[in-house]
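Order as written gives the chain letters A, B and C; numbering starts at 1 within each chain.
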Amino acid sequence: MNKVGLLISFGLIGAGLLWFLIRAIRGQEVERRIIFVFIGLAVAVPILFNITFSEKASPIVEAVYDKIENLSSGSKILISYDYGPSMAPEVEPMSNAFLRHSLAKGHKVYIMGLWATGQSLAGAAIENIVKKEFPEKVNGVDYVNLGYKAGNQGVLNVIITDIRKMYLTDVAGVNLDSMPIMKNVKSLRDMDLLISVGGGLPGVKEWVQFAGDPGHIPMAGGSAAVSAPLLYPYWPTQLVGLLGGIKGAAEYESELVRNYPRFAKMPQPGVKMMGPQTLAHLVIMAFIVIGNISYFIIRRRQG
Amino acid sequence: MKRQVPLLITLVVGTVLILSVFFPPAERLGEDFSIFFDIIAVFAFFLGGGNLVRIHGNRLYKKNKDWAFSLVTLLGFFIMLIAGLFKLGNPGGISADVAASGSLFQMLYDWIFNPLGATMYALLAFYVASASYRAFRAKNREATILLIAAFIILLGRTPLGVYATSWIPESFSLLQIPNLAIWIMTSPNLAGQRAIMIGIALGVISMSLRLILGVERTYLGVDNE
Amino acid sequence: MSGSRPWGKIILFSSIALFVISWLIKAGVLSSTGGVTDISVRDAFFVTLAAFLTLAILSFLYKDNPYYKFAEHLFVGVSAAYWMCVGFWSTFVGNFIPRVSSTLSGFFGVPFKEFNVFYLIPLILGVMLLMRLSSKTGWIARWPLAFIVGTTAGLNLIRYLRSDFVNQVSNTFVPLLVEWKGIGPFFSGFSLSASGQFTLSLTNWVIFVGTFCGLVYFFFSKEHKGFYGGASRLGIWVLMVTFGASFGYTVMGRVSLLVGRLTFLFQDWLGLIS
């Protein structure tokens, strides 16, 4: 099905691009709605045929994987859900992979968010992943959901020295002092790794500026593709590693499945999305080339 | 009063927060100011909601153009607000997570907010495609460099790049598209982004100083409001 | 224009009919026992609603239309209320109430910390911020705005100075000859391997020279002529590569969002993929 789908996808896209090229050579305009339909088909057809490819982690992604993998079991990892529905298709595979990896390694997971929408998404992740795939994990012992607090960087400025000044309870109203997981945890400086998943403001950048650097705490990031290039200057000294866009998520998922067979049957949305992503990239590149051919032909005719 | 007091507030608060980094006694005050900031941020959300009700209520009352859509906005706003403020259908009661699974608030988030927000941004994919065809032209050397870099990234971040250049031997593996894409990100992209980051940092530092010292006052608006 | 009214009604009734049909089919598909249950009817309604809202937004690609406007206005209202509610429960109830009232703390089920009179300050400033809604007393919102501006400026100054200036300059000073063992070993072991000595050294050269030239480009107090102009030109080229990389990643990001929505339509709504 994968190969048949690939052939059909390439066939359809190839035929469409040929049509665009012919129109470009003739100097004829293409209505933008036709472009919209074409890109929609270029993405839809691979989804329907479930085209997937294998992935290999790049060094910057592997660095995050190795960090979580090499921390001794029981280490404290904080994951911050700093995104909303507009970024979820890209970064949710990352946050889910981090959650699975951390819990599989036996780490203590502290969940929070600097985006209000992150609270709902974190709650959904706990319901769908933690409670279903790790039923032996206990809330308040192995993981805790601290929830969202308003104030962006202001929140980080407080919890870098005292978490309880900002968070009196977890998201369900349970006193933090009654939780074993919060014993000996006073501030972010007690964490072994901070992970921010997001791509807007506040996001990975603010975590580096207000938590990672001042507290000298190891920081990793999962970022939407739009923001990922802007974070490279922080690597490798201020950021241990970075997952950029759906490609980064796919690489991490592949690495996880390769080393943890228990996750072989888990949904891998990152890997699944790379099929349509690949063909869409092909179309965009072809559009740039064809558009430039059209431009130069028209310019020559006018000149 | 209208301008002097706000300038004094900015000076005091800004100075305390800077000093809190260097002097531990100021650290506690700095944290308190941060928590005050967080609480005021919530009032900013209320202000946004109030403004929304005022504008759309006005439109509805005066039956301006598209007033029916203002009714939709207000209905959506109040239904979501009531569901959230009163935690309707929340299995955990008043102290539970407002976004608890099974609550009306979370359902409205999952089935209205989530799809609408995600689809709004998904529209951009179509416009990027349209822009690629109609707007991106290699008109000069710089634009050509930009497009070549974009090509390598677009190809290198997909499995196609792996298949296209996997035949290149290990001793020339830098020329394999995926490795080239990684090199572009970790070398020239890093350099360019760092230069921009340093420039922005200098701008932020200078603007912050100007705001704290009261040189920059545009945030106060004009007095004849 | 008068011809568009019948079409408008046809599209409206067709949409409603399709919605109801989709809802019923979905409810039938979701029910596990063969009979329709309350939960499957409710879930079917919500999935169908989400799908139709998605299609309403996508209809903007054809042209602006009332269905898109409906979805857009609904989104504005719902998102404003969402942030208000989460902000209220998480920060107002979670941080403010426990420091001002034991009665209210008990009512909301949050642990009372201790009464702190200073926490009335954000309450007063917050109420002053709400005065912005009135044109007569709007000027008083400048006080809390000044607090917000002062906090942001004070926080950002040091953090940007440390993370985005000092650390960035420090990280630019990288060794230009990596794993250096001498000229002989360098040339004898020369290769364009991605992890080879030449590539690592080239990377560091590009980072050092590229950052410097990029900064030279942004310095407009000196005319870009001669050697300085050459450095500036190199800086522009480095920046063009940066923007090209950003464009590539932006395309990746935007396409991912479309893939996500189409996956929802095909998987959750239409059931065409598992």
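Going forward, a residue touches a chain if its C-beta (ideal position, glycine included) is under 8 Å from a C-beta of that chain, and two chains touch if they have at least 3 such contacts.
On a predicted model such as this, the values are computed, not experimentally measured, just so you know.
Participant: Find the chain most remote from chain C, comparing centres computed as mean CA coordinates.
Facilitator: A
Participant: Name the chain with the Cα centroid closest to the overall protein Cα centroid.
Facilitator: Centroid comparison flags C as closest.
Participant: Counting only Cα atoms for the centres, state how far chain B is from chain C in Å.
Facilitator: The computed centroid separation for chain B versus chain C comes out at 5 Å.
Participant: With centres defined as the mean C-alpha position, give me the chain A-chain C separation in Å.
Facilitator: 12
Participant: Return the distance between the CA-based centres of chain A and chain B, expressed in whole Å.
Facilitator: 16
Participant: Which chain B residues sit where two or more other chains touch them?
Facilitator: Touching at least two other chains: 17, 21, 30, 34-35, 37-39, 41-42, 45, 95, 98-99, 109-110, 113-118, 120-121, 125-126, 128, 132, 147, 150-151, 154, 157, 182, 185-186, 189-190, 193-194, 197.
Participant: Mark out which residues of chain A touch at least two other chains, giving numbers and ranges.
Facilitator: 36, 39-40, 43, 86-89, 117, 119, 147, 149-151, 154, 157, 166, 171, 173, 214, 229-230, 233, 244-245, 247, 277, 280-281, 284
Participant: Listing for chain C: what residues touch at least two other chains?
Facilitator: 61, 82-83, 86-87, 90-91, 95, 109-110, 151, 155-156, 160, 164, 168, 171, 242, 245-246, 249-252, 254-255, 257-258, 260-261, in rising order.
Participant: Would you pull the chain C residues touching chain B in the complex into a rising list?
Facilitator: 46-47, 49-51, 53-54, 57-58, 60-61, 69-92, 95-96, 107-110, 118-119, 121-123, 125-127, 129-130, 132-133, 135, 138-139, 142-151, 153-158, 160-161, 164-165, 168-169, 171-172, 191-196, 199, 202-203, 206-211, 213-215, 217-218, 235-252, 254-255, 257-258, 260-261, 264
Participant: Quick one: in the complex, what on chain B touches chain A?
Facilitator: 17, 21, 27, 30-31, 34-35, 37-39, 41-42, 45, 92, 95-101, 106, 109-110, 113-118, 120-121, 125-126, 128-130, 132-138, 147, 150-151, 154-155, 157-160, 162, 178, 182, 185-186, 189-190, 193-194, 197
Participant: Write out the stretch or stretches of chain A touching chain B in their complex.
Facilitator: Residues of chain A touching chain B: 20, 30, 32, 35-36, 38-40, 43, 53-56, 58-60, 84-89, 117, 119-120, 123-124, 127, 145, 147, 149-152, 154-155, 157-158, 161-162, 165-166, 171-173, 214, 229-230, 232-233, 235, 244-245, 247, 274, 277-278, 280-285, 287-288, 290-292, 295.
Participant: Show which residues of chain A lie in contact with chain C when the two form their complex.
Facilitator: Contact set of chain A toward chain C: 33, 36, 39-40, 43-44, 47-48, 50, 86-90, 116-117, 119, 147-151, 153-154, 157, 166-169, 171, 173, 175, 199, 208-210, 213-214, 224-226, 228-230, 233-234, 237-238, 244-247, 269, 272-273, 276-277, 280-281, 284.
Participant: Mind pulling up the chain C residues that touch chain A in the complex?
Facilitator: Listed in rising order, the residues of chain C that touch chain A are 61-62, 82-83, 86-87, 90-91, 94-95, 98, 109-111, 113, 151-152, 155-156, 159-160, 162-164, 167-168, 171, 242, 245-246, 249-263, 266, 272-273.
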